[in-house]
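Below is one structure; the comments refer to it alone.
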Amino acid sequence: MLFFRNDYGAGAHPAVLEAVLRTNMELTSGYGTDPHCLAAAETVRGLCGCPEAAVHFLVGGTQVNKTAIAAFLRPCEAVAAAASGHICVHEAGAVEGSGHKVLAIPAPDGKLTPALLEEAMAGPFSEHTVLPKLAYVSNTTELGTVYTREELYALGEACRRLGLLLYCDGARLGCAMEAGGTELADYARTCDAFTIGGTKNGLLFGEALVIVSPALQPDFRRYMKQQGAMLAKGRLLGVQFEAVLRDGLYRRLAAHANAMARRLAEGLEALDVPLLVPARSNQLFPILPAGAAEALAREVEFEVERQLDGARTCIRFVTAWHTQERDAAALLEALARILR
Amino acid sequence: MLFFRNDYGAGAHPAVLEAVLRTNMELTSGYGTDPHCLAAAETVRGLCGCPEAAVHFLVGGTQVNKTAIAAFLRPCEAVAAAASGHICVHEAGAVEGSGHKVLAIPAPDGKLTPALLEEAMAGPFSEHTVLPKLAYVSNTTELGTVYTREELYALGEACRRLGLLLYCDGARLGCAMEAGGTELADYARTCDAFTIGGTKNGLLFGEALVIVSPALQPDFRRYMKQQGAMLAKGRLLGVQFEAVLRDGLYRRLAAHANAMARRLAEGLEALDVPLLVPARSNQLFPILPAGAAEALAREVEFEVERQLDGARTCIRFVTAWHTQERDAAALLEALARILR
Amino acid sequence: MLFFRNDYGAGAHPAVLEAVLRTNMELTSGYGTDPHCLAAAETVRGLCGCPEAAVHFLVGGTQVNKTAIAAFLRPCEAVAAAASGHICVHEAGAVEGSGHKVLAIPAPDGKLTPALLEEAMAGPFSEHTVLPKLAYVSNTTELGTVYTREELYALGEACRRLGLLLYCDGARLGCAMEAGGTELADYARTCDAFTIGGTKNGLLFGEALVIVSPALQPDFRRYMKQQGAMLAKGRLLGVQFEAVLRDGLYRRLAAHANAMARRLAEGLEALDVPLLVPARSNQLFPILPAGAAEALAREVEFEVERQLDGARTCIRFVTAWHTQERDAAALLEALARILR
Amino acid sequence: MLFFRNDYGAGAHPAVLEAVLRTNMELTSGYGTDPHCLAAAETVRGLCGCPEAAVHFLVGGTQVNKTAIAAFLRPCEAVAAAASGHICVHEAGAVEGSGHKVLAIPAPDGKLTPALLEEAMAGPFSEHTVLPKLAYVSNTTELGTVYTREELYALGEACRRLGLLLYCDGARLGCAMEAGGTELADYARTCDAFTIGGTKNGLLFGEALVIVSPALQPDFRRYMKQQGAMLAKGRLLGVQFEAVLRDGLYRRLAAHANAMARRLAEGLEALDVPLLVPARSNQLFPILPAGAAEALAREVEFEVERQLDGARTCIRFVTAWHTQERDAAALLEALARILR
């Protein structure tokens, strides 16, 4: 079976594994207080051009979103997010579970804009309603779309104007940076906090949380502990992030995933297969005619996004750092055969 | 420096790492639905002699305690635990963070007994008070003491009589089984749910949660997701538990840790160093005269438990699967020199 | 100033006040365990034709909604409600504050239907999403629309089919019963739980919660206490509900409020003032041309619902048990003068 | 039956009821934004000598404690309270229900002291533990003991030094002021927030919350709404507090309750009935020999505090604004007869 189901199906990049192996028998303090985490945090601060940022390493995406939002907001304060946002749909109510409402803003391409935020903040809000206090964006979005550098700065400006914290879920930040022309320093200049996703870009697991705003930094490690989000052998996170961040591997892996997706997108265009939204990063949402998805599923692992009218099916292909050129070719070939 | 600080200072046992490496480039479904997790769960059920148990793999100890208790209890229902219990003191209010009071029961050796539970349940409880509904025990306890097989069954019987769920935090369950003569099947027969700790016994990370009571099983994976407790590359947990459970490695590693602790305990006795509580498992709590702890800290990493009267200091030594005989000898030698 | 701002602007109906006065110096047990609460609960059960129902008296609407939903649902379970529902917009995130997501279903007239519920329940739901478990409806709705007897039974049937609890917020249940031809027994037959609102129909304060489903009844008083929802001098609630329920006063007061609203609706029609939705109960939403709302506000207290296009303004008039015929006439006269 | 069960068994003082009656048909805005609440808040600020205090009126004691603590603390922050404190035992886990641990400090007379707080704050605290951030005291305490003016200022000083907010639950503040020689201004100078209890001192219901610290004031009304703690006909609270605060009635009612308790205490001493703690305010805890409590219960309503050794029973007598001299005499007479 060809595998285009997701970008967390394989283990870690060999360089990451090698680092885990190499450091295996070191004896260090736990919970992220070890030299590897300290060094990795310093590397992140350097790449962000932000020496005052607090950097924490957590295991997973829902965990970091939930912990950050629980720590940053007070009761009654709410989150504004695109209706397709991960925290709106795919985290089993984790944010609400810690007491905060998530306002879902319809956004066809999965991207918040200053205009959408302004409309959402027009209210009316009163002491009888929640008050949105944090804008959640994901880059890349859940639809594979990407914020450009300009869009990011515009969002940052809008959030400051509207009294919103800007939080960027960077579960696929590598692909977003490659596709949108952004650097870590851009996120440090625009966001109050953001994550650098490792799980989907070559690590066994791990999300780095960069807290830029000094007001949001105090006590964060205690909040992590309370949420069960401190890893005992925390250095595993530092070791892995060091391995991908030190020499640009993180960017190269993401660039490869994007390139494989572009390869697929070109092939799909040649086959006249439309996409739900224009392809920008490592997720593609092709729309197949009746019967084609079922046929393809016999040869390829992928996810069904949703049924459309006229029996058409929107499916999802995801590429990753380990996707092979020959597998992309084989996928297109299979599809060509089915659609013929 | 000699390292007796904790049992999570090193990485994984070579056999565990080898399994992670061997399966690294497999492409599987995520979040614990892969064949490795299914096989490991089956292995656990077999060892427990409990084919109907639900088995879940989570990353860490606070995470599994918090998630299980949040899932098992309804609002107003409380937990009864020894005052030294991990959830009482060292989890930053994780259980209270999900809305449940923890009643702290003083227990000098860290162990709950039927008598202590009966006293705690004598109340008075009313509609103006919380109602304890779950007894939390840890085995081994935070003081290194251990429940024997008889004590475990007596607790189980007391809990059923008192209308309490029995939950056993097995972060160090291997050491407890070796020291107390218990088998996994004993926990399955007495507890409503319990954990098998991997982090402190040879894994990179991982706690297996065994939910014995059918009433507590439904929807548990959704609760895990809501708590940020589902690992994307979940198979890492299955792969590691398979590696230690299939051929008895889990027990051998724990037996080694206990043996190293016994070695230390004998040496301490020879040195006339008293212990806070009698040594049973891989944690020892020696009481040192004034000045000795400071001197020892120059050569050995350990934790200070607390200051006692007369300037004596209670410290903690922890042994693990990787503790070397020669390091134990060196520690005793250093101590002999200091105390001379 | 004429007062059409809301239905909680005045105190209590004289018969209610008289009962409070008459019983003032009685010495009874507290927290709703007194003879008046017991008798009022019995009266409610009788009117509902449901001798097994549990009946509790709480002080306010947000309080009863929050307490009931927190008690009825487990973590990860969500609420489905019309987007205009009180819990969606006007309770400051009270339901999310106790950990539960509220799914907002667009419904132009504020009413859920079996078709809307079926669509909402079509999902996809998985262990990565919340699971809706309770449908919240308000009768009358926040737009003054009303569920008929047939609609109520259809909703009840749909909820049972879809695995949803049906909860009816009856803050204005009197007006709903008068307008929709429903009786308390109809709610007891279709809902798992519902409230009978006193605050907006002649009481100083008070909402009766009727829990029909036996599975939802245990421990509810303890949940009330935990939520701060037990009134110390609880008998005040029983005394007031007895005063309005025993001889039909509750229905007469609601009928009067509806009649006053009908009077206004006829007058508005004569003045060619359109309504946002057809008038059914004691809330009307007239749409006024540019400038008229501002002019009217000099003589009449009312609330602005929202600005519409073309500078038109949708406002809200609310009638109550104490609304005078002459005040309705004066309002229409003022409006006629302004619109001329 | 003579009634010494509690101080919320009767309705309201006639002057309070008269005010409710007199204002019944006024038409005002809701939720505490009316002129009566504004005036009553102004009166409170005046009595406190604290023009910058925020004053809110809530219905009940658990409600105000829960809402205030939820609003004041961030996640992981905990409360320190005497083990006998109301929030520790009699609020069904309301504080934990909003996510905060309550550390129970043993205090035989129910009173926290600077020394007890210092010991509690000695820790050790770390990022693995909660951090106490608010000291909760009740005055009078649940044992009827009272903080003097000096003790109150010493507590305030200790809290500032230890980084704790000081919160005083004044459910029986009138009796505490009369017995301890404190004035409202003393609380405003020492506490960050405190309540002035109405329910137990002549009102139908109502607790005034005085938030002295500016940092704790923002958004509080929204937190009230989220907790279901805003009364729709909020003016009822303002009207009642005006009635008792304007002319000193609040103090006179409390003085009467204390006087009746003193009368009882003298009688008990004459009968050689010991008290659990020395009598200071309107609650007494006599210790009766075997059988006496049962005999007394046939003539008098009271609560049993707990069984002591040797079959002795500690019971509770509570006096209130409406306790009659002749009832106190009758109680003592009955007791004399039984003990003879």
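Couple of notes before you dig in:
So that you can tell them apart, the chains are marked A, B, C and D in the order they are listed, and the count of residues begins at 1 in each.
To be clear about the criterion, a contact is a pair of C-beta atoms (placed from the backbone, for glycine too) under 8 Å apart; a residue touches a chain by one contact, two chains touch by 3 or more.
All figures in this text were calculated on a predicted structure; none of them were measured in a lab.
Across C-D and A-D, the chain pair carrying more C-beta contacts is C-D.
Chain centre most remote from that of chain A: D (centre = mean of CA atoms). Here the spacing of chain B and chain D, counted between their Cα centres, is 42 Å. Separating the CA-averaged centres of chain C and chain D is a span of 34 Å.
Averaged C-alpha coordinates put the centre of chain A at 50 Å from the centre of chain D. Contacts with at least two other chains are made by residues 75-76, 91-93, 97-99, 127-128, 130, 222-223, 225-226 of chain C. Against chain B, the residues of chain C that register as touching in their complex are 31, 70-71, 74-76, 98-99, 127-128, 130-131, 219, 221-226.
The residues of chain D lying in touch with chain B in their complex are 75-76, 78, 89-93, 96-102, 104, 127-130, 306.
Per the touch definition, chain B reaches chain A in the complex via residues 3, 5-6, 8-12, 17, 20-21, 23-30, 59-67, 91-94, 97, 199-200, 204-205, 222-223, 225-233, 236, 301, 322.
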